[in-house]
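Here is the structure we will look at, set down as structure tokens.
Note that the chains take the letters A, B, C, D and E in the order they are written out, and that residue 1 is the start of every chain.
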């Protein structure tokens, strides 16, 4: 089979480095790591904030994807291009940009501070925002692709039955593109979970509050390569287990 | 319109940080930056290696996505989960993992060195490999989603006309999911273009050979925030222009 | 056509341009009336239906239902599809693949303000009426083609639309189900106080279900009227084939009609000027030699094709005019009717009908 | 059925299970033979066709073409779809949306080894034969429903298959095009040396195109034979409706057939034991009062429904037996035939046919 | 959030909590010092470890911090130039370069000039980061022209290349070499004296708890603090 060879090669390319990590990991230290409260706190924070960031991305990104896929408006090309900005921006610069806007001295941040007394940076909210900023394009582009691939005639049929745009969207379009949305959400969640540069810049590195696993890995790298590998493998295992259980349910559902 | 409000909010959230950067950028230094040979070299290297990485991802990732979407085999859940590994692995750790496998003393690398005298680290090839490793999951997941959404009955029709799996794949399936593949390729290219952690870890940093724009941005950040912002904006503009011109052609094509 | 304007429920002049193709169709439908739109493939039937549904905007003209303007490009009036009280059955059903048959039918009533339970109840009633109660919980992919089409019909009817649009609603049904569904549809349409437009290829559907037929070709109306008129007096080849007649155009002088420079027919009716002449295939008799005797139209012809047609054979003949003739298998065997064979065709003047053209 | 086994091109016993539904269909087709598969919606026609095409595996049974086994679960034999020399027209066409009509048709020939130019040439020939030369460069979305179906037909025929499978190939065509396409199809099928299976709802298609009819209901064969036998002697309600007859089952003793405890008919034929009795709706006469005179079958009945049916009206009657009667509009007006009206029905014994059941 | 509000007062009139922004290379030493300080003074110390440049940006964008300990004077200057320092910074530690080679020194490296052999693969830090600037100065002082295969983004990355065997040698800080003695040997060389990197620390202008901040600064420079730093391989002034 002409398709199996490249597929196998691709899989090998993705899996071999993991094998390398597994071979190098100091397994004896694993139990001790797993009981360290700081590691557990970082793990919990990572999963929680990645999930919240995904929810935020779904709430804002799916409508934006719909706008790009279904509504003709002037400047659509520009908007579509702007959506890809956080993809290309080095995450650390993304973090700086977020500071420039939402920081205490920032465009929006100073107003938030003066009006509501809210400061975002260095809070768990900041972690969620940083992750959402970096991960949202993945969701938008995946969902837009799915929307373009979907047959718009079902939406016409819904309109003839009296469904407005909103109902058509929630009752017909979304269920039809559910696999695409699920794929986008997976990408988004995984990207948020692995996010490091923007998070440490915008939210800082406070254990229990803003120290996610990737940030902990970064710090561990400063002192101990093996420790960093073990932490990465813990993060990896957790995410793979969550994704494997979720995705198969979503896809078959 | 109940959909326009979140869409607008989402767009604002993505665009505001960019505004922050634009407001802060020292525009007067731009012409000088743009003529620096090191900047141009980094820019060219970034675009070239991201493009090569995308080609590599397409060649290996599309067949793998097809395998996941269309072929029932034992362990498919596991393979699907493994594909997401590079997404969650902090990129620096991904770079370490690549070193452990393809490095001079690595599993495959030592064999390559002994047999062919090839060492990958610190070469442009290493840049492409690092970017491909990090970006491939985006392509695979997007394409798999598109394949699942596509109507398999067209493939049945092709089979009745005598087309085997390979011909059906190239002549029917791929054209049908072209928008999904295009979306995946865009994600993949953008992610590769912005890739920093795995690249600098696996390929190192040498101007003209392995110094991509994100690496240059990172180093600029160490000394001069404004310079880093200008470099980021240059990278951004180039990628947005390329994406905007490519995507609209692909989507309408 | 001759009703007072006030009685019209639908009053439209549909002009739509689609690439090279231009639809230009004046259309009125009275309350309770069923109009069938017939025409060859590509004539613009689906285009007209989409314009009525608001899925295609008019390029010009207007569209008014019950005095309310739905689409009027000159006045920039436009009511979107979801605010038009319509029901549509699409040519390829378009059942929502993620919903069960029941939820597909309940979708419209829900949107029209019914509660979930009420909507499902109404949907269940409709499915029962369509003989599909047992399939209510199936997804569209698990339904056969004909089952899917009946669900689509139930879905459109369940919203009790003021304008019902049917794009070949019976095409995929088997003969038995078709009869039942046609009867049900007929019953429903008879009770329906709204307007109905039925796009169909099947003349029987049109004759049974419609009060009036509008026949279009290439985007334009070629004939319009009740079934009896159209059946008796087709005005184009398409309509003639639809109703199963041979049709010719010629110049009449009394009973004699000249069809070409060197061929004419004697007809039962007297006219002067441009006329159509029509007669059924069964009126054509075939003879091995030139028949003599009572005054009739006779001409030599060559057999171009033979098909079974019901219990009879339908023979296509070339010659001064192209004509179809129906003969019994016994007669065919006796005449050795094979393609290429030369025969004489004969039609009694009394069996032909002539009527003014233009 | 009675041919020697050696003459069979297709020899199959298709057993497929799909949820609750089970298809169990023995099927043989000789070289050049056209078999029509008829049955109500959901009977399993598409299922059988998919099993033949290799799109569904058999659960049991076997499938052999020209002595080569294609599917035999007991022996673990399985030839995949793309290696079966077949041509399929799907119920919903499935034209490749990204290819032009020409490239859709050229797809099969290309896969069968023709060069690009030759394949396109053959495709162009087929499109021309189908009257679609002008649409060769269109994408499927730009074709009307009927145009798309003709392209699908051309695509299936262009590979010159040994087994041609047609899932309602004419359903979406207008009456005129249908006649032409049917004639073309007939011509092609007559020249075709392979086997053809035609799934259809339209009895006319089946009668014109097929050499033999196989009728299935709920996955099982209920009747099989040539058109004349089936038309004359339907054995189920579905077949009776298909061919337009009233059908009853009863116990015969000579010319008298008892249909229920208190109702019987006198028939033209003599039999003993279980029989079917059939007569056409046109054989039923309606009278306002009980008719007297010549010995005939008469019974009181109530009008359940009236439909137009061609030039006549078809009346559905309740009573000791349910029966359909055709009357002229003039007669209907005279009898004031409205639902609920009580009338007397009469059928001459000579117009009924009885034949053994079971 | 579980952020603790004011802690009960303890020690010498300082109390509450203290936020210290410290360079990532100080993670181990400062964590130890912080624990001792907490025990001694009853002040809760919260650390934000990250790259010095990122910390400087955060401080200049209004991050709530009391103390900034930088791994390079340049990043300290960024903060001072923006007017965010309170008083003059003090240098509390110094770091010196060594040549890191794989354990056992297989190539027998003894001096900088051994690194110029044609087939030797050497990793340096990029000139934008402190260890790269220091390496440049040292190489200049030795009069050695060296073409590295890579200019790493920080000293840990350069060291990792040695540990994984990708390069034959790297110029790294003595503290880093010492932390990795299981995998690498650190070879001292005389020119490193020309390229010593200073670690400055300062109390910030917007500090919420200036008393505790000053106490922390003093504690870092006390004997206890110096001890921790020296153990890690720093020189202390």
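Points worth noting:
The rule we apply is simple: a contact is a pair of C-beta atoms (placed from the backbone, for glycine too) under 8 Å apart; a residue touches a chain by one contact, two chains touch by 3 or more.
Heads up on the chains, UniProt names are C, D = ABC transporter ATP-binding protein.
On a predicted model such as this, the values are computed, not experimentally measured, just so you know.
Identification of common neighbours of subunit B and subunit E yields A. Within the contact network of the assembly, the step distance from subunit A to subunit E comes to 1. Superposition angle, subunit A onto subunit B, using Cα atoms only: 180 degrees, a multiple of 5 between 0 and 180.
Compared with subunit D, the chain whose C-alpha mean position is the greatest distance off is E.
If you average the Cα atoms of subunit A and of subunit C, the two centres end up 56 Å apart. Averaging Cα coordinates per chain places subunit C and subunit E 87 Å apart. Multi-chain contact residues of subunit B, defined as those touching 2 or more other chains: 96, 99-100, 165, 218, 221, 225. Residue numbers of subunit D whose C-beta contacts span two or more other chains: none are found. Each of residues 54, 57, 160 in subunit E touches at least two other chains. Every pair of chains meeting the touch criterion is listed here: A-B, A-C, A-E, B-D, B-E, C-D. Interface residues of subunit B, counted against subunit E in their complex, comprise 96, 99-100, 103-105, 121-122, 200-201, 204-207, 210-211, 215, 218-223, 225.
For subunit D in complex with subunit B, the residues that touch the partner chain are 53-55, 80-84, 86-88, 90, 94, 96-99, 107-108, 111-112, 155-156, 159, 165. Of all residues in subunit C, those touching subunit D in their complex are 19, 38-42, 46, 91-92, 142-147, 150, 168, 171-179, 182-183, 186-187, 201-204, 207-208, 227, 231, 237-238, 241-242, 305, 307-311. The touching residues of subunit B, when paired with subunit A in their complex, are 1-7, 9-11, 13-21, 23-24, 59-64, 66-67, 77-94, 96-101, 106-108, 132-133, 136-138, 140-142, 144-146, 148-150, 165-166, 169, 177, 179-180, 182-184, 186-187, 190-191, 193-194, 196-197, 214, 217-218, 221, 225, 228-229, 232, 235-236, 239-241, 243-244, 247-248, 251. Taken together, the subunit E residues at the contact with subunit A in this complex read 1-3, 24-25, 27-28, 46-50, 54, 57-58, 61-64, 156, 160, 163, 179.
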